[in-house]
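Okay, so chain A shows up in both of these, paired with chain B first and chain C after.
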Partner chain A sequence: MNRAQWGWIALAVIVAALVIAPFVLPAYRTTFLLFMFMYVTLASSWNIVSGYTGYVSFGHASFFGIGAYTAALLILRAGAHWLPASLAGAALAVVFALPLGFILLRLRGPYFAISMLGLSAALEMIALSWTPLTRGGAGLNLPPHQSAIEMYFAMGLAMTAVIILSRKIITSKFGLRLVALREDEIAAESLGINTTAHKVAAFAISAFFPALVGGFYAWYLSYIDPNSVFRPILSVGMVIMTMFGGIGTVLGPIIGAVFLNVISEIFWVQLPELHQAAFGGLIVLVILVMPGGVIRLLKDRGILPANWRT
Partner chain B sequence: MTMNGIVRVENLRKHYGGLAAVNGVSFAIAESKITALIGPNGSGKTTLFNLITSVARPDAGAVFLNEHAITQWAPHRIAARGMARTFQITRVFGQLTVWENMLAVARQRRDAEARARAQELLRLVNLWELRDQFAADTSYGQQKLLEFARVLMLEPRVILLDEPFAGVNPTLAQTMVALIRRLQTEGKTFFIIDHAMTIMMSLCDRVLVLDYGELIADGAPADVQNDARVLEAYFGSHREKPRATIG
Partner chain C sequence: MDLSILAQLVLSGILLGAIYALAAAGLNLIFGVMRVVNVAHGDLMMLGAYTTIFLYERFDLNPLLSLFISIPLLFAFGWLIQRALVNRVVNQPHLMSLILMWGMSLVIINAGLYFFTANTRAVPYLTGAIPLGDVALSRARGVAFVAAALISLAVWLFLQRSKWGKAIRAVAQSAEMARVCGINVERVRVVTFALASALAGAAGTLLITILAINPSVGPTFLLKGFAIIVVGGLGSFSGAFIGALVIGVLESLAAFFLDTQLAEVVIFFTLILFLLVRPGGIMGVEE
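Up next, the complex of A and B:
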């Protein structure tokens, strides 16, 4: 068997194990995996705009929060089922991202990053002060429910969808053009690529999944408040996980999210008092030692081909 | 002066601070001809290219492509309409391979068509063997050739080349000259900036000369070479120091 066939077998084993996992693992482990799926989804979505086009967003929690609030309100006020409510939140995030991207993606480099950070802060303030709708800092309580299994599979499917989509994009002409504009926007534009349309499309796609899992998150935890869904660490987390794994590749955000979640969990268990500090220290170390992430390391060692993006 | 041409510019102006980079330039370039744009360094040649392709917006004046006003168009629209350019300092997509650089800009209807054309062009400029290398890892001269091949992927009718021969070895420069001539016979229009005067004077049908943002000469190569104002601009007979050489 060749390498690709081994790869498919490994993938099939992982998928089979993950499908069985919630039925055999204790609830705590299932929850851990559920949140890992969520972070893989967030990092992979972020990578579609920031990794492929180079427009680094420091405020992608904006979309997570929009999804969480939309879903929660639809569930509470309209009695909607969590799934259509979450999908509606994702659709709203896309509708919001289109004009927003058209305006903000004119800013380059740090200006775009900061404008996104400002956006999520502004949305958090709106959620805090629009009390009649959001109940402000008191947050929204959703009906409680027992099983994590339903949400485990919902998160798992969202993750699978964004991974497949990431791969479809980067192996398509659309993806090639996103990377082209990342490498040289003026050249891409001069060579007939409508860079604005490409950037906005990537931005809108990357808004969909964070909002979707934001809705799942609200339903799963039965409670959200402005700080929990718009918190900057969520935005920064997407950046760090993707950078750790390898920005601009399909595999990178997956590796980064899985590895950092596992490490964070170990630190949490072993060093409960110091876990934040130890985790932060590890991230600094990793970025100093391997700035291109795990994928770059594998490329430099000749384990992956240099032009590997999937 | 006749004012018909596939590309026409009318009274173009562009100031950067107090400097008039392009100061009221008007001309038209004829279809299926090779027109040269020369002038000392800093005379406004690249700025003029930027204005024509909308990479920079003019303060005043207008640009026409086939008599359509394109002054306010986005650059990608102009490229799609059939006028494309290369850059003085190469702008390849560094983290894409040579091959991907070609495919990323392809406008051919079918994929197979784009691939066939990319292969043909890469062979023409001797880059076929390097197709799987990152563009960033190729030499400056190879990047120049890649830009040249890449702009042809668009099948443009008008091609603006900004210093295509700079940094390219003489043998490859001759390959490019032959290719430009062949494309001209197929009906393509070229507008070329370069300092390689020997090549330019034999290649081009007509020469425009810019100095301090103004058009100071326009004519056949032989006439322009002996024009008093051109010689003055290059050799500075009334100026203290020469700013550039003509050969």
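Up next, the complex of A and C:
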């Protein structure tokens, strides 16, 4: 059998194991996997705009928060089911991302990164101050519910969808154009690529999934407040997980999210007060020592073929 | 509405803006010379402020005198950051330096929380105000303004007159041409980052005499600093001062008419508005 066939077999085994897992593992482990799926989804979404186009977003938690609040409010005020409520939140995030991306992505350089940082801070302040709607810092309480398994599969499906989409994009003409504009925007433009339209499209796609899992998160935890859904560490997590695994690849964010969740679970739980510094220090190290992440290391060692694009 | 209230708000906004200008000028210098946005700039301001808090609480040192400690301290720290980190990513895509400095920012914030706790603190200094007709000039803000103006003037003279200042401006115009003329570009970058970091430290020291802060305040300062240089014009030293006055006054008006927390939202929308209608800023040129 060749390499590709082994790859498919390994994938089938992993998927089968993950499908059986929640029925045999204790509830705590199921919850751990569920949050790992959420982080894989977040990192992969971030990678679609920041990895493929090179425009770094420092505030992707904005979309997570928009999704969480939209879903929570629809469930509370309109009695909606959690799934359509989360989908509505994701749709709203896309509607919001389109004009925003059009404004912020027209300009080259670092405007986008800092503006996104500002956006998540501004949204958090709005959620805190708009008390009649959001109850401000008191947060929103949702009806409690029992099943972690339902949410496990919801998160798992969101993750599967974003991974398949990431791969579809990077192997498509659309993806090639994104990479072209990342490497040299002026050259890409001179080849007739409408760079703004492409960047905005990638941005809107990357806004959808964080908002979707934001809605799931709100329903699963039954409680959200501005600080928990707009917290900077969420945005930080997406960046470091993707950078660690390998930015601009399909596998990178998955490897990074899985690895860092496991590491956090083992070590950093004991040092919660240094969590942020550990993430920050790791970001610095990755940039200086292995800017291409694990994927690049594997390529350099010849374990992965050098022309491997996913 | 009472006109004297408006005058009062504009005055305190201008006084605040002069201090922001110091920090924003540093951010602008680094961007001009290296095309790097120092994402940890707000955190360097926080370090300057906490140096002053520490010296005040431990040794009862006058906050103005602690400028003589916070400025060299942050100068040295900036020197170190440039040598150890930024230098390695200067010629790489924006993405690398942005993410690198963001990581650095997280480390500084966490260190601040660890050593100084998350409590919001201030240094009480020169309470009271001097009446000027209908408006009152807060003594602390007045003194901080004068100090900020003197430091800005000194930096401006340094950039215009001194050999190092000229070298910095030359590298900002074109690193390659400067190198051909025999300027040690690496050394100029180190001096630029150290100087900008010292300016952030000075701004932090002055701010803590009029505002209360906690170790997580950095990103808010960064956002303000960034809004200032976008409004004023990216890379323009004098633009930073015009931008800072605009942002200072806006913040002071928003805090009064809306809510202190919403001031941040107003600044964000100002940033978006400028990116939309005048991306080159007031003093800058269209890209």
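Basically, the second predicted complex is superposed on the first by the 286 of 310 C-alpha atoms of A that agree within 3 Å, B and C clash if a C-alpha of one lies under 4 Å from a C-alpha of the other, contacts with A are read in each partner's own complex, and residues count from 1 in each chain.
To be clear about the criterion, a residue touches a chain if its C-beta (ideal position, glycine included) is under 8 Å from a C-beta of that chain, and two chains touch if they have at least 3 such contacts.
What you see is a predicted model; the values in this text were computed from it and never measured.
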First (chain B), second (chain C), both or neither touched by A:306: first
Partner chain in contact with A:232 - chain B first, chain C second, else both or neither: second
Partner, of chain C and chain B, that touches more residues belonging to chain A: C
Partner chain(s) touched by A:205 [first = chain B, second = chain C, both, neither]: neither
First, second, both or neither for A:295, with chain B first and chain C second: neither
First, second, both or neither for A:36, with chain B first and chain C second: neither
Touching partner for A:74 - first (chain B), second (chain C), both, neither: neither
Which superposed partner A:162 touches (first chain B, second chain C, both, neither): neither
Contacting residues of chain A [partner chain C, same complex]: 50, 54, 56, 58, 103-104, 106-111, 113-115, 117-119, 121-122, 125-126, 128-129, 232, 236, 239-240, 243, 247, 273-277, 279-284, 287-288, 291
Residues of chain C defined as touching chain A within the complex: 35, 37, 39, 85, 88-89, 92-96, 98-100, 102-107, 109-111, 113-114, 219-220, 222-223, 226-227, 230, 259, 261-262, 264-265, 267-269, 271-272, 275-276, 279, 287
Touching residues on chain B, where the partner in the complex is chain A: 53, 55, 74-77, 79-80, 84-85, 87, 91-97, 100-101, 103-107, 132, 134, 150-151, 154
Residues of chain A defined as touching chain B within the complex: 173, 176-177, 179-180, 182-184, 186-196, 248, 306-307
